[in-house]
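To keep things simple, chains are lettered A, B, C and D as they appear, and every chain counts its residues starting from 1.
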Amino acid sequence: MEAFDPIRRLVAEALGTALLVATVVGSGIMADRLTGDDAVALLGNTIPTGAVLVVLITVLGPVSGAHFNPAVTIAFALRRSIARGMAAAYAIAQIAGALAGTAAAHLMFDLPVLQIAQTVRTGPAQWWSEIVATFGLVGVILGGLRFNAAAIPTLVGLYITAAYWFTASTSFANPAVAIGRAFTDTFSGIRPVDLPGFAVAEVAGAILAVGVFGWLLHPSHKPLRRALAEAAGPAQGT
Amino acid sequence: MEAFDPIRRLVAEALGTALLVATVVGSGIMADRLTGDDAVALLGNTIPTGAVLVVLITVLGPVSGAHFNPAVTIAFALRRSIARGMAAAYAIAQIAGALAGTAAAHLMFDLPVLQIAQTVRTGPAQWWSEIVATFGLVGVILGGLRFNAAAIPTLVGLYITAAYWFTASTSFANPAVAIGRAFTDTFSGIRPVDLPGFAVAEVAGAILAVGVFGWLLHPSHKPLRRALAEAAGPAQGT
Amino acid sequence: MEAFDPIRRLVAEALGTALLVATVVGSGIMADRLTGDDAVALLGNTIPTGAVLVVLITVLGPVSGAHFNPAVTIAFALRRSIARGMAAAYAIAQIAGALAGTAAAHLMFDLPVLQIAQTVRTGPAQWWSEIVATFGLVGVILGGLRFNAAAIPTLVGLYITAAYWFTASTSFANPAVAIGRAFTDTFSGIRPVDLPGFAVAEVAGAILAVGVFGWLLHPSHKPLRRALAEAAGPAQGT
Amino acid sequence: MEAFDPIRRLVAEALGTALLVATVVGSGIMADRLTGDDAVALLGNTIPTGAVLVVLITVLGPVSGAHFNPAVTIAFALRRSIARGMAAAYAIAQIAGALAGTAAAHLMFDLPVLQIAQTVRTGPAQWWSEIVATFGLVGVILGGLRFNAAAIPTLVGLYITAAYWFTASTSFANPAVAIGRAFTDTFSGIRPVDLPGFAVAEVAGAILAVGVFGWLLHPSHKPLRRALAEAAGPAQGT
């Protein structure tokens, strides 16, 4: 696979995150307008999000890696798969894309472009949900890279489909998407003041996954104690 | 892959578009009859449409390319992948197939064969939805062709599954299907007078995608300015 | 692929059809018990049926071809892919399996094992639905065989997922399954007196598909007239 | 594929079972909170479970085989694919993971960590459902191993998606998951007193599948009588 230049990689990250957020926010608005049953609305939010992830990761993955997510970029930086400066540029592109995606969705549904979310999403249960959700997401990506890279788009799409339902937070698992969702006062919104808790939990889940899966997925004859020590300090051990 | 003759290619385009439109219109009628919850009805319209697209593109793709969509045919004509005369014939076959598909669905549901839709679908938000929807559709096809052609049927099916929900227009993204849907006064209809707005938006989205993805998916060392200029005039640059 | 002996092939046809019918009938009972919304019930009937078809065709296809359907067996007999005597034995095994599947579902849901359906399914719109449904099913199988045999399980599962919704009859498309469904007075039942109309329509759709797709999928330089004549008499032409 | 050491294999079984049970229990709680329609709730429980199975088996399968299920481990022990001592250790890891998964879900949804289920699930219809469900599950795994090992994650995910609906018990098909579900008094719970009936039925279904599919999937020229005798005593015959 030929390498893509930085401009194209950053445009791919921004464009992919924009389409992802437009899907999350737009399908949330659509679902909320059409039904009074919240589980039906969540299905109408989940199925499009899972589907579009498969598509975006397949199409843009060869260009930029298709992170669309600062927590994923941090995981790859910990593993030294991306340089620090580029990782920072990725995060900026992702956040810019997320904001554009929210605006694009609002324009499609004839809503004010600029909004501030009022949906409360805070507390230990929500943060624990985000830790679990992002731990699983990064674990799935690392496992896919290890055993079946061609399946990663499908794995991520299916994982998020599940995580929307098995976490109390509907699994944001993505600080850039969370920022995009802070600027929509619709079904999928999150109050700006609740963003830091989510972001910290998501990054913690990503780091935990780098440690646990870094150890689990690489067979060796090291004694367990040393293996566990390395799991606690993954950036050195992998 | 051996080449198929023009007659078979045009029959494949007509037959595929007919089955696609029969699915869109038929599942809309079925869903609308069975439920009073509009989101459930849209799920009952979305899932069959996404599923049948995977099937039709897999089975008929090797015969005709499985465009089933004049906006897609225009995108390929811009890229010089199909001759102008054949592209025009494709569009005619697609429209004829769409009309036949609507009629076939009406016969299955014991409804008058000839109907005129009365559902209003107009205004900037709808047009912007169609631009986004078709931009994404053509981008997905170009990205699939570039990186994973075998995945295109699945990518298109999943993309449309998502786009039904993230656009306010439920993502027609297809002028031939829109014409077919103008002749059914059921769940999926569109007033004939609203067709031109949709068709212009869809073709605009397709052209935009040819430009943006033509630039994005092909790495090079060209300076950005020249690359962007080429993106604005894609038929020459790709 | 090694050949399987006739006993194993017939057991595979019976077992596969039994599990297919148990899924159709069982999920219909489950869905009907849990909701008053008929579209939700149909989703709860559709998704399991599509899913189990992918599974059964993948696992039993290498043993028997995984027809599970006399209309499909007739199509293969027309194409001389299966001997007449074996085709008849297949049909008997499929019908026996279908009856066992209905009984198994009744036992799972604590219902009387023997029942006679009272659901009326008759008239030209229903028959036309079954013609279209089976035409599409056989076309999908022939197209899959022609271009992507490994995808056939997925194609059939997705096609039936769509056809449940785009036909007014919910796409039986299978005389053996129809017979099994005549012996359950639940969501998915069909009056025994309505069976002949369905069976005739299904076989007609299958024969039509052998003709049309036999012509469409095989490129040649024959003049159109001769090609169309062969399409009308497909058993000789393919 | 390199071999993984016992510690990693057991951690993979525990972690995978924990994420599976967290999905089953968590999505059940989410669905139950959001809707009053039990079929919609079951869809919200089914889709995430099927999706997460595909993901977990893909990512952890190369480490441990991704049984996540003592009935599956027993089937492999009968076929001498896993040593007895390791099989016992697998079962313990699976049960420990299941209990952790239930606890993790309760923490995510801000519920008491320790609960005892009160949902009655007993009687011949339920046990017969579990026999059928586990027979099918093990049959699918054996068929996948025989003909298309790469498809096993998808096959298991789709099979369980179907089995949630075609069995009256919603297809536990897994004694470890059942134990985990005995400790949640939510949508997916099962009274502890009902566990033995489920476990016996599940193991019986698994043994039956080893016999039937052991015979069916391996072509030979043995006379039927001997083949059937071997099917009744599969551990010797395969």
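Assume contacts are C-beta pairs under 8 Å (C-beta built on N, C-alpha and C of every residue); 3 or more make two chains touch, one makes a residue touch a chain.
The shown structure was predicted, so the numbers you read here are calculated from the model rather than taken from an experiment.
Asks: Going only through chains that touch each other, what is the minimum step count from subunit B to subunit D?
Replies: When the steps are counted carefully, the minimum from subunit B to subunit D is 2.
Asks: For the Cα fit of subunit B against subunit C, please give the angle of the superposing rotation, nearest 5 degrees.
Replies: 90
Asks: Approximately how many whole Å separate the CA-defined centres of subunit C and subunit D?
Replies: That gives a centre separation of 29 Å.
Asks: Subunit A to subunit C: how many Å between their CA centres?
Replies: Centre-to-centre distance between subunit A and subunit C: 41 Å.
Asks: Taking each residue of subunit B in turn, which ones touch at least two of the other chains?
Replies: Residues 37, 40-41, 43, 47 of subunit B each touch two or more of the other chains.
Asks: When you check every pair of chains, which ones turn out to touch?
Replies: A-B, A-D, B-C, C-D
Asks: If we count contacts the way the header does, which residues on subunit D are in touch with subunit A in the complex?
Replies: Per the touch definition, subunit D meets subunit A at residues 2-5, 7-8, 11-12, 15, 19, 22-23, 25-27, 30-31, 34-37, 40-41, 43-45, 47-49, 51-52, 54-55, 58-63, 104-105, 107-110, 157.
Asks: Once bound in the complex, which stretches of subunit B touch subunit A?
Replies: My answer: residues 37-43, 46-47, 50, 123-125, 128-129, 132, 136, 139-140, 143-144, 146-148, 151, 154-155, 158-159, 161-169, 212, 215-217, 219-221, 224, 227.
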